[in-house]
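Two complexes, one shared chain (subunit A), two partners (subunit B, subunit C).
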Partner chain A sequence: MLGFISWTASLATFFILGILLFDMVSDGFRIMMSVDFFTNGPEKAGRAGGIAPILVSTMLVVGIAIAVSIPIGLATALLLSEFTRRDSQFAFFVRKSLDILAGVPSIVFGLFGNAFFCVYLGMGFSILSGGLTLACMVLPILIRTTEESFRAVPNEFRHGIAALGFTKTASVFHLLMPMAIPGLVVGTILGVGRATAETAALIFTSGYVDRMPESVLDSGRTLSVHIYDLAMNIPGGDRMAYATSLCLVLILLSMSFLTNIIAKSVLQRGIYTS
Partner chain B sequence: MNDNCTENVCVMNGDPIIVKDLSLRYHNRVAFKDVSINLSPCTVTALIGPSGCGKTSFLNCINRMTDFVDGCQVRGQIRVHGENILSKQTDVVKLRRKIGMIFQKPNPFPLSIDRNISMPLRYHGIKDAKQRQEIVEKSLNEVGLWDEVKDRLHTQATSLSGGQQQRLCIARAIALEPEILLMDEPCSALDPQSSATIESLIGAMRKKFTLIVVTHNLAQAKRVSDKTVIFWNYEGFGQIVEDGPTDQVFFKPSNKTAQAYIGGHLG
Partner chain C sequence: MLKIKDSSLLQTDNFVSSILKIAASVSAVIVILILGFLIRETADVPSRIGITSFFFDKTWNPTESQFNLIPMLAGSLLSTLGAVMLAIPTGVVCAVFLHLYANDPLRFILRRTLEILGGIPSVVYGFWGLVVLVPMINMWYPPGAGLSAAVSVLTIMILPTASLMIDAAFQAIPRQAVAGVRALGLERWEILTLCLIPQARLGILTATLLSVGRAIGETMAVLMVCGNIVQFPSSIFDPIRTLTANIALELGYAEGNHRSALYVSGILLLFIIAVLIVVISIYERQHQRAKYDSK
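Coming up: the complex of A and B.
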């Protein structure tokens, strides 16, 4: 009986994926296969044309999010794992705040980004506001994965390098950081994945404009916002929505493959360099 | 194995390491109390005694590895060249450069064999790659590892056997030319053959460095050391019950506990 239920449940999961992919591929594949789709801007409110400016905006938003979150994430993770004691009150509060932040719905991040970056800091609806909001969103996941990868370095190496007369900072740069890089890379790719797939937070911050952005202070529409707009607001936009979805899914899938490959090769290889 | 060492003169200049009223506690537990002893330079001193009597904790005080232990409080003085290394003004990084340490479990970094030695050299200011290479070869020679690894210097150090890894760690420490080398049960994780290699290495290094070796193995202490210190756990904390030249400690111990311990009736 239990076997039957398990089989049915597994098959159901498989069918959901199948139906989802079938719709996307059957409706979107032909559109996505043309070069014009990637080189032209949207026409007729997205019913025709391509997604070139959308791709550029997406890259800019995600790029800003990562460029801002990596240094902050790395520094915070270092503080938590290397420069505070395990029982430190401060580290405890930072960790708890991160856990709470990680559980905050993205729409709340969107509202915060809108109030803080767009309105209070006067950045308006712009790629910069969107990128910074996403940075806030991916920080918790980035910090926790990076901290874990620092923690995974056995203490014997910390003691070993300290006994060789390295300062704390030097031991971080010469040994711990190289050893933790695989974790940092995995955390970053997970963060990029989350940022690329984000819709709600960006509707309020980077906006809807589907022109090619001229600077990061322009409003720009990302892939997921484009899908949302085509599906909900543009009658007759579904085929383009499917094609864009397929494109987004392929980007995310390749990122997940990339994570696996990096995790396997780099983690096994350690930091061995000659 | 090691002719290079015997040619060298010990750098300690005859100054003993003076330990005065040293006490150490972890939170509320006293590890050892009021330990006072002079450790002779350019000799091998073995610290022996049963588990939990504070030998390793004592060793860790000498290069301030105790700083890494939460809740660890050290009182008293340890004078090296007249300077109290436990004082707040001590530059711990410089101190550890002068006082090397070999751990119980071999801990080569997950780098190549070559980089394990050359990375610390480079950090400590030897910028010339050729000079670094010479030191790498010399230190590997001193530990008798050069012939075994010279064709695979760029392979992962963790691919070496346990004994080879421990010798690599010793090579890494002596490449920095420390004055004192602390060894915390350097053979306990190794097979008998590798232990024998490390023991003969300790013998060869005695002229060049001041060696302080913690060991559980009485026979080993007798074989390798010039002086022996016996720690014992009295009234819940460690203290020194006997110290002196190894022959004297092993054949004519004055303390009753030490007699029983050496005789195999205690511990």
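Coming up: the complex of A and C.
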């Protein structure tokens, strides 16, 4: 009985993935295969044409989010793993803040981004406000993976380099960073993936405009917002929505594939190579 | 730990350390800013709208100054409850399959499938629900978009992550415990109820609470399939609207009291999440203490 139930449930997950991918590929693949899809802008409110400006906006929003969050994330992870004791008050405080940030629903980030970046700082609906909102959102995941990769460096190495008379700062640059690089790359890819998949936080920060953005202060529509708009507001936009979904899912899948490869190569090589 | 005082070398470390501290406080500052701006947008709500309106007004109709959030809160809670009640048992069953039934290649494939499903963005699930699930439900119980569609899409969305978390909780069980139960020659059913579930109790509980958080906070997937009519559902096929969907639908044009009311619902969401985080950390602390005492 238990065997039957668990076989069914597991087959059902394959089934769901199968249907999802089948629907997307059968409806979207032909549109996605044409070059025009990647070089043209949307026409007839997205029913025809391509997604070039949307790809550019997506890259800009995600790029800003990552460029802002990596330095902060790296510094926070370094502080948490190397420069404070585990039981310090300050570290506890920072960790709790990160836990809260990780739990905040994305639509609440949207509310916050709209009130703070768009209205209070006067950036309006722009790629910049969207990117900064996402930067706040990916910070916890970035810090967690980075901190773990620093912690994975064995303590003997730290003792060794301290015995050589290196300061902590020097050991960060000469020992910890080089050794933790694969972990940092994995963390960054995870952050990019999270940012690319996000919709709710962006509708009211980076906005809806589907023209090619001329600067980061222009409003720009990301892939996920495009899917939402085509599905909900544009009758007859389904086929383009399928094509865009396929595009988005392929981007995310290749990222997770990359993460797995990097993680595995690090596991196989062991920690002693760098 | 080395302790050297008055060394010029260590001054660099202190300097770097203080810079890192500034960077690390950014995350705390963001939390404070989020709270601050949600409160700032709603600061004059008690005097202009009044707290009680959100619970006792006739309905949600901001243009007529009716601000009752309860039907949408009910929508959020009902869809979350339904999804978690479906997803967690199924997740346990999937994890059981991984541990007691699957051989190595199958286990690898299923884990990878779950990871892929967990990585698909919620807007894609929502879109898929809108064009596949909703018409399907519509054939039997029109209008199709409603509580049942929302529950189905949420279930499919949280199931992969939930099963992976429960799977990880099963993996964390000490080998000796599982080996011991196996050596007793028990049936798989008994291994599950006597060893796996009791040992992974905390992991399953955490997975449940995190799934609740994800389901309550989910916007896009629900927004696209729930029908978006503000009402208490009288059957599981009735259209509903959730708190998150309401914000996403109306923030674009909301002004004045209406905008403030949406920020109030944001605070409400944040409060629910905060309660969940506190409950999780209490359980984890209890669990750690129990572990400590038993040693």
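By our rule, the second predicted complex is superposed on the first by the 265 of 274 C-alpha atoms of A that agree within 3 Å, B and C clash if a C-alpha of one lies under 4 Å from a C-alpha of the other, contacts with A are read in each partner's own complex, and residues count from 1 in each chain.
Just so we're on the same page, a contact is a pair of C-beta atoms (placed from the backbone, for glycine too) under 8 Å apart; a residue touches a chain by one contact, two chains touch by 3 or more.
This structure is a prediction, so every number in the text was calculated from the model and none was measured.
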Contacts of A:G110 with subunit B and subunit C, given as first, second, both or neither: second
Partner chain(s) touched by A:S245 [first = subunit B, second = subunit C, both, neither]: second
First, second, both or neither for A:I70, with subunit B first and subunit C second: neither
Which of subunit B and subunit C A:D87 touches, first, second, both or neither: first
Partner chain(s) touched by A:E156 [first = subunit B, second = subunit C, both, neither]: first
Touched partner set for A:M179, first subunit B, second subunit C, both or neither: first
Subunit A residues touched by each partner, larger count belonging to subunit B or subunit C: C
Contacts of A:L164 with subunit B and subunit C, given as first, second, both or neither: first
Set intersection of subunit A contacts, subunit C complex versus subunit B complex: 162, 167
In the complex, subunit C residues that touch subunit A: 2, 9-10, 12-13, 16-17, 19-21, 23-28, 30-31, 33-34, 37-38, 40-41, 90, 93-94, 96-98, 100-102, 110, 113-117, 119-124, 126-128, 130-132, 156, 159-160, 163, 188-189, 192, 213, 216-220, 223-224, 244, 247-248, 251-252, 262-263, 266, 269-270, 273-274, 276-277, 281
Sites on subunit B touched by subunit A in the complex: 63, 65, 68, 70, 93-97, 100-101, 103, 105, 107, 109-112, 114-115, 119-120, 123-124, 154, 156, 158, 169, 172-173, 176
In the complex, subunit A residues that touch subunit B: 85-87, 155-167, 170, 174-175, 179, 270-274
Complex contact set, residues of subunit A against subunit C: 1-3, 5-7, 9-10, 12-14, 16-17, 19-20, 23-24, 71-72, 75-76, 78-80, 83, 90, 93-94, 97-101, 103-112, 114-116, 120, 136, 139-140, 143, 162, 167-169, 172, 193, 196-200, 203-204, 224-225, 227-228, 231-232, 238, 241, 245, 248-249, 252-253, 256
